[in-house]
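Common to both upcoming complexes is chain A, partnered first by chain B, then by chain C.
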Partner chain A sequence: MSSSQKNLKLTRRQYFFIIIQTQIGVGILALPFDLHTAAKQDGWISLIIAWMLLNIILVFLWMLAKKYPEKDYFKIQEFVLTRWVGKTVSALYVIYFSSVGILILLLYSRMISLWVLPNTPYWVLSFMMITISVYIVCCDLITIARIYTMFSALLIFLASLIIYSVKDSKLMYLLPIASNGWGGIITGVDKGIISFLGFLVTLVIYSKVEGSPKDKLKTILYAQFTVFLFYLCIVLVTFTFFSTKEMALVSEPVLYMLKSYQFPIVARIDLFFISIWMVFVATTLSSFLYMAGLGLRRMVNTQQNKWVVFSVGCLFFISSLFIGFDLTKLDRFQTYVVHGGYIFAVGIPLLILLISLFRKNRNKEKTT
Partner chain B sequence: MGFFRDLFQREQRTDRRIADESPEPQEPSTRNLSKNIDYILYALKRTEDLKVRILKKGDAALLYFEPLVDQEKVQASIFTPIEIGKVDSIHEIPNAKETRNLEEAVNSLLRGHAIYIEDDNRRISQFNVTSVFNRNVDEPANEKVVRGAHDGFVENIMVNINLVRKRIEHRDLKVKFYRVGKKTNTNLAILYMEGIADPEVILKMEERIKSIDADKVQSPGYIEEFIEDSAWSPFPQMLNTERPDRVVANLMEGRVALFTEGSPTSLIAPSTFFMFYQAPDDYNTRWYTGTFIRLIRLASFLIAIGLPALYIAIVSFHFEVIPDDLIAPIKSSINEIAYPPVFEALVMVVIIELIRESGIRLPSPVGQTIGIVGGLVIGDAVVRAGLVSNVMVIVIALTAISSFVVPSNELSTTLRLLTFPLIGLSATLGFVGLIFGFLFIAVHLTKLESFGVPYFAPIAPLRLTDLKDTFVRLPIFMLKTRPKDAHPLNDKAIEDSRKWKKNEQQSKKP
Partner chain C sequence: MKRLCLIFLVSMLTLTGCWDQRQFKNIKLALSIGVDQGSNGEIVKTVSVPTVSGGGDGGQINETIQTLSTDGHTMLEARDKIDRMLAHSFNPSKMEVVILGEDIAKKDIYPILDNYYRNPNSNLNAHLAIAEGEAKDVLSFKGGGEARISEYLKGILDGAAAASRTTGENLQMICAELVEDGEDFTVPLIKLNEDDNTIKFNGLGLMSGDRYSGVKLSAEQAPLLMLMMGNKGRVAQLTKKVNEHQKEEILDYITVEVMKYNKDLKIHPSEEEVRVDIVLDLDVRVIEYPHDHLVSEKVIDDLNGKLKETLTTEAEEIFSVLQEGNSDVFAIGRKIQAYHPKVWEKLDWEEMYPEVQFNPEINVTIQQHGIVN
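And then the complex of A and B:
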C-alpha cells in the first residue's frame, strides 16, 4: 500500500456504509419472526421504539468519542480507565467481539444448511466464510471501507425483492393494534435493539473518519435511520404478507415469502436472496473480526495486522467447531452473547463516559 | 545539478546523453594505432564480423561491425566528403562525434557506429552509420478498430515516440530514457505529461525501472513482471497497447507510457480494471452506441467468468430455480448424458482452448479450417455422441465468445483462467460456492493497486462522477474532468466547448 494512501482517513460516506454493512447481517432473515414471537402483530411498534432508544444511546456514544477525537475506542479505555484496567476491559471486548463473530458463523452456517446445502458439513461452510472474512480484513481499514461501499449496491437488490412482495400485502393483518397489551411490545423492544447490535462499530472507528463531530453524528444517525428503514420494511412486508397465525409457523418469513413467487425467467427467488444475503453476512463477520483484531493489537501493542487477523480468524473457526449444528448449545450461546451485548455496547461505554466526565472535572480542578 | 555543471564548466560542454547510465568505464586512448586497435579487438573478443579497414597506407583505420552498418551510409558520410575535397582529414568531418575514451568507442561500435582512428593521434571519431530496418506503421492485428486511426507502433522506439509526439505537439510531453539489461542493454523510454501526471507515480516508476537487474530484458512482458505491484495476481496491472491513439489518450489522463526498443507494445501505468474495457472505437461512434457497446462488453465479463459456473450450479444443485416450462427441455437434454455437468464443462472448455491455441500458430487459411472443423464438427459430433449436452455446448460457446470481447488480450486470457476455479466452486457448493468465488474476485480487485492507485476505481473507491466514462460513455463535451484514479495534477480536461450554442441563442433573441 502506498504511503499516500496509508494515512488516508475514511470519508463520511465510507463511514455510513461501514455502519450499514456491520448492522445488516445474519439477523434480517429471522428478525420478523423474533419480533412476532415477542409482540405478535405489534412487533413493528417495538422496532420503532427500539430505534428511538437507540438514537439516544448513539448520542451518548458519540459524546464519548467526541471527547477523545484522536483515540480509537481501545485507546480511550486505556486512557480513561488507566492502563491495566483498560487492557483488561479491552481483553473482555476482544472476547465479546469474538463471540459475536462465532455466533454469526454458527447462525449463517445453520441457515445455509437449512435452506441450500443440507448435506454439507459445518466446517466447510464456516471455513469458506472465515476465509473470505480474513481475506477482507487483512488490509487497511480504508480498503475494507471501499469493499463495503461497493457491496452496498446489493442492498438495492434485496430491497427491491422485498418491496416487490408489497403487492400481496394485506394491511388487515396488522390490526388490532396493541391488543395484547404493552407487555409484549416491551419484550419486543429487547429483540429490536438486539437486531441493531452492530452499532458499537460507530464508536470503534470514529477517530478514523474525517469531518467535524457534528457531521459525523449526522452520518451515524442517517446510517441508523437507513438500517431502521430497511428493517421496518422487512417487518411490515412480512407481517402483512403472513397472518398472525401463519407468522408463528415460519421461522424465516422473508424466505418463505419470496419462495412463493415465480418470475418468467427464474423461480425460487429465495435462493437468490439468500445468496446475496451471504455477502452481508460476510461483511458483518469481517467487521467483528476487524474489531476483535484491533482490540488484540492494542492490547499487545503491535502493528502486525495480518498475523493478528489470521490468528483471530483461526480462533473463530476452531472455537465455532465446538458448537457446530448443535441446536441446544447454539441457543444457549446465543442468549449469552446477545445479552452480553447490552453490557458491552451500552453499559461499559456509558460507564466510561461517566468516568471520563468525572476525570475531566478533576483535571479542571487541578488546573484552576 | 545539470544547470550548475553547465555554469562552471562551460568550455567542456558535451553532447547531452539521453539515457542516464552509470558512469562509463574510462580507458584513455593511446597515440599508438595498433595498440588502440588491439584493445578494441580484445574487448570485443576478436569477433569476426568486426571489420578493420586500414586506410592511409597503414596510418589510419576504420572499424565497424559489418552486419550493423549500412555500406551506403559509410560511403556517404565518411568517404564522399573527402572525395569532394570539402575536408582534408576524416577527423575534420563535422558530423563525427569525438572521444578519447576507448571504452566509449567499443560501446558505439556495438550501437552500429563506425569509428576512425589515426596513428599518432588520440582522437577517435565516431560516425552514426547504423542500418535500420523498419516495417510500416501498420494497424496492429490484435487491436483493430472500425473507425479511427489505423497506424500502430513498430519495433523501433524512436519511430514510436515520433508517433506520440506527432499527436501531442506540446512542450509538456516529457521523455526519459533508461538502459536495462546488463547484456542486452535495451533502450527503454517512459513518456508522460509534465503537469498532469502524478510525480509520485513517476518516482515509483523510475525507482522500479532502476532496480531491474537482469542480463536480458526482452520485451515489455519482462518489464511488466519486474515492476508491477502484485505479481501473484491473475489480473494485468498495466495496460498493453500497440495503438498510438490509445497511448495518447492515456497520457492525457495523467498516466505514464513505457516503451522498449524492439517491441511494438507499450505499457501504460497506473491502469484500472475498467481501462481494459475502453476501446478507441467508443469515442468514434455516437455516444448512445458507445454506451451500448460498453455495457455489452462489461456484461461479457460476467458471462465469461460466471456463466458456466452458474449453469453447473443450477443443473447440479438448484434445479428448482428453472421455471416450470423450461425444466422439461433442459432435463431431457441432460438425462442422456453419462457424465456429471462439471466434467462436461471442463471437456468443452479444454476443447475450445485447444482449438484457439492451435488456430493462432497455424497459417491463416489452415487456422480457419481448424476453427471450422473444431468448432462445428466436434461440437455437433460431441452432442450426437451423447458425451456433452447441447445446452452445455451453448453455454461454453457463449463463454468463449464473451472472453474474446475484451479489447485487451491479457485480460481475455485472465478471464478464461478464472472460469476454472469458479466452475470448481459451483460444482462443489452450488450458489454458495459461486457467491464465494465472486466475493473473492471482487475483494481481490478492490485490494489490488497499480502503482499506488486503486485498481478497481471508480467503483471502489466509489467516485460517482467518474462513472461517466466507465459503464457509459457520455458525450465527449461532458467528460470535463479527468478521471481521479491516476491522481492527475490538473483536473480540467475540457472547458465549455459548446458555447456557440449559447451565443446562437443570444443572437437570436433580439
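And then the complex of A and C:
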C-alpha cells in the first residue's frame, strides 16, 4: 500500500457504481415473488412507495455524513457516541454486516444448487464464492471501485435479457389495480425496502469520495434511481409475463421466464443469466465483506487490511456451514437478518443523527 | 513462482471432481414423449429415443430409433421404469414434443406436466400436442420421410405455427393460461392416418379450464381464429368460396394471403349479459383466382363484400364452437376481471361464457392481386 494510492479518493462515478453493485445482488431473482406474495399484482406499487420512502432515509443518512466529512461511519460512531459506546455499536455493525454476508452466501449457494448444480455439496459452492470476494476485498477500496465500475457493463446484458421477454408479456395481468385493498400494498413496501438494504454503503464510504456534499447527494440519488428502475423493470416484466396465479408457483420468476426461450447458440438462457448474476452476487458479498472488515479494523485500530479481510472471510464461510442447505434454519436466519436491517440501516443512523444535532448545539454553546 | 504454484494447487483442489457433470455418452436423450391413459387409471408413457453409433474415420453414422412404452402411477415412476429398459440413463432435457393421448387430455393435464415445470433441466420450450387416438401409436409411427419421429412431429407443429394455424406456444407459455381463471388455450391436434401412412395436423383442440373439452376446430378454421386472436405466424392464407355454380368447381374459390391485419376487441360486460364486439380488418393479396379480371374496381369491391360475408359467418361458427367447448381462448373472463373487477365478482364465468354474445365483423380489402390481373 503506497501512500499515494491510499490517499486517492473515489470519483463520484465510482461511488455511483459501488452503490449499484452493492444493492443489486442475490435478491433480484426472488424480488418479484416476494412482492407478489405480499401485494399480489400490485407489488410494483409497493416498490414505488418503498423507493420514495428510501429517498427520504437517504437524505437523512447524507445529512449525518455531511456533518463529519472527514470521518467514515465507524469513526462517526466513536465520535458521536463516545469512544466505548461507539466501539460497541461498531461491533454490532460488524456482526450485522457479517450476518448479511453469510445470508448472501447461503442464498447464493442454495440458488445454484437448485438451478444448476444439484449434486455439488454446499461447501464447494460457498467456498468458491467467498474466495473470489476475499480476493477482491484484499485490495484497496479504489481497486474495488474500479472492478465494480468495470463489472457494471454486465448490467446491460441482464437488462437486455429481461427486456427481451417483454414480447410475451400481457399488460392485462397487472389489472385490476388495488383489488385486494391497500393492506397488501403496505406489507409489500416492507419487502421493497428490504430489496434496497445495501444502501448503508453510501454512508460507510461517504468520506472516501471526492466532491461537494451536494454533488455526492445527487450521485446517491441517481444511483438509487438506477437501481429502482432496474428493479421496477424486472418486476413489471415478470408480473406481466406470468399470470397472477402462476406467480405464486414460481419463486425465481426471472430465471423461470428466461428458461422458456431458446436462442440459436444459447439453448438455456437462464443459465447464461445465472452466470452473469453470479458476478453481481460476488460484488454484493465483497461490499459487505469490506464493510465488516472496515468495522473490525476501526474497532481494533489496525491497518492490517489483508489479514482482517482474510479472517472475516473465514468467519463468513465457517459460520455459513452451520446452516448450509437447511431450509428452516435459513428461513429463520433470513427473517432475523432482514429485519435487523431496519435497526442497523435506518434506526441507528437516525439515532446518531439526532444525538449529533444535540451535540453540535452543545459544542456551539461551549464555544460561544 | 510461489503464486503460480498456489494457483495450480487451488485449481487442482477445486476444479477436479465435478459432482454435476452430465456426459453425453452416459445418457439417452428422449426427444419426444407421449402420455396415454391406461386402462386401470395409471398412465402409459411412450418415449422415442434415438441412438447414434458409428461415425469417426469417415464411417457411416447409424441412427436407430427405439420406441419404448411403459405404465406407471406418475410420470417419473414411468421414466424410472423406462430407465431400466435402456442401456444408459434417460434424459428429457432436450425434449421437443410432448404428446397427450385424447383420453388423458380430457383429465386435468397439470399433474402430467408438473415434473417438467418443477425440474430445472427440462426443456420448457417444447411443443404440446394432443393426439387424436393414442399418443403411443403416433410415436410408434414409421415413415414420413424423416429419420426421426420427433423431427417429423416438430416439423409439423412448427409448420402449423408458421402458417398461422396454431399459436406456437410452448409449455411455459401454456402454464399461465392453464392456472389462471377466465383464460383458456388451444392445443394442436395430431392425427395418425394409417391408410396413407402419414401424420397430420388436424385442427385445434379447445381446452376448458385444465382439461381438453373434446371439442375441436378444424384446420381450415384455425387461421381465422389465430388472426382474431392477433397471432399471425409467418403467413396466413385463407381459401374461401365466393361464387356459386361456375363451370368448374375450382372457379368458385379464391385464395388470399393476409398482408396486414388489425383487430379490435371490445367487451361490454354487465351482470346480466356480456357482449363482445370483434372487428378484424384484413388487407389481403389475391394469390389464386382463376377468373382474372381483377382490374375493375367493381369486381374487387364485389369480392371484398363476398369475402367479408363468408368470413363473418365463419367467425360466428368459430365462436359457437368455442362456446360449445366452454373454452375462453380470447381470455374474455380474465379481461373482465382486469378491467371490470366489480362485474367479475358477481359473474359465474363457467355458466356465463356459453351465453356471451359475440359479434364478429371481418372487413376485407384486396390490396394486391399478384403479377397478372
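As a working rule, the second predicted complex is superposed on the first by the 365 of 368 C-alpha atoms of A that agree within 3 Å, B and C clash if a C-alpha of one lies under 4 Å from a C-alpha of the other, contacts with A are read in each partner's own complex, and residues count from 1 in each chain.
The rule is short, and it goes like this: a contact is a pair of C-beta atoms (placed from the backbone, for glycine too) under 8 Å apart; a residue touches a chain by one contact, two chains touch by 3 or more.
What you see is a predicted model, and the numbers here were worked out from it, not measured in a lab.
Novice: Applying the touch criterion given at the start, work out whether A:176 contacts chain B, chain C, both or neither, answering first, second, both or neither.
Specialist: second
Novice: Identify the partner contact of A:242: answer first if only chain B is touched, second if only chain C is, both if each is, neither if none is.
Specialist: A:242 sits against chain C, while chain B stays out of touch.
Novice: Look at A:116 in the shared chain and tell me whether it touches chain B only, chain C only, both, or neither; answer first, second, both or neither.
Specialist: both
Novice: Check the residue A:355 against both partner chains and state whether it touches chain B (first), chain C (second), both, or neither.
Specialist: It touches nothing on chain B or chain C.
Novice: In the superposed arrangement, which partner chain does A:91 touch: chain B (first), chain C (second), both, or neither?
Specialist: After superposing on A, A:91 lies clear of both chain B and chain C.
Novice: Output check: A:135 vs chain B and chain C. Expected answer is one of first, second, both, neither. What do you get?
Specialist: In the superposition, A:135 touches chain B alone.
Novice: Output check: A:229 vs chain B and chain C. Expected answer is one of first, second, both, neither. What do you get?
Specialist: neither
Novice: Name the contact category of A:264: first (chain B only), second (chain C only), both, or neither.
Specialist: first
Novice: Check the residue A:168 against both partner chains and state whether it touches chain B (first), chain C (second), both, or neither.
Specialist: A:168 sits against chain C, while chain B stays out of touch.
Novice: On chain A, which stretch or stretches are contacted by chain B in one complex as well as by chain C in the other?
Specialist: Common interface on chain A, chain B vs chain C: 116-117, 120, 124, 128, 262, 267.
Novice: Quick one: in the complex, what on chain C touches chain A?
Specialist: 10, 14, 18-20, 117, 120, 123-125, 170-173, 175-177, 179-181, 183, 331, 334-335, 337-339, 341
Novice: Write out the stretch or stretches of chain A touching chain B in their complex.
Specialist: Per the touch definition, chain A meets chain B at residues 1-2, 4-5, 13-14, 112, 116-117, 120, 124-125, 128, 132, 135-136, 139, 143, 146-147, 149-151, 262-268, 271-272, 274-276, 278-279, 282.
Novice: Sort out for me which residues of chain A touch chain C in the complex.
Specialist: Those residues of chain A that touch chain C are 114-121, 124, 127-128, 131, 168, 172-176, 179, 241-246, 249, 256, 259-262, 267, 270.
Novice: With touch defined as at the start, can you tell me which chain B residues reach chain A in the complex?
Specialist: Residue list for chain B touching chain A: 200, 204, 317-318, 320-324, 429-436, 439-440, 442-444, 446-447, 449, 452-454, 456, 459-462.
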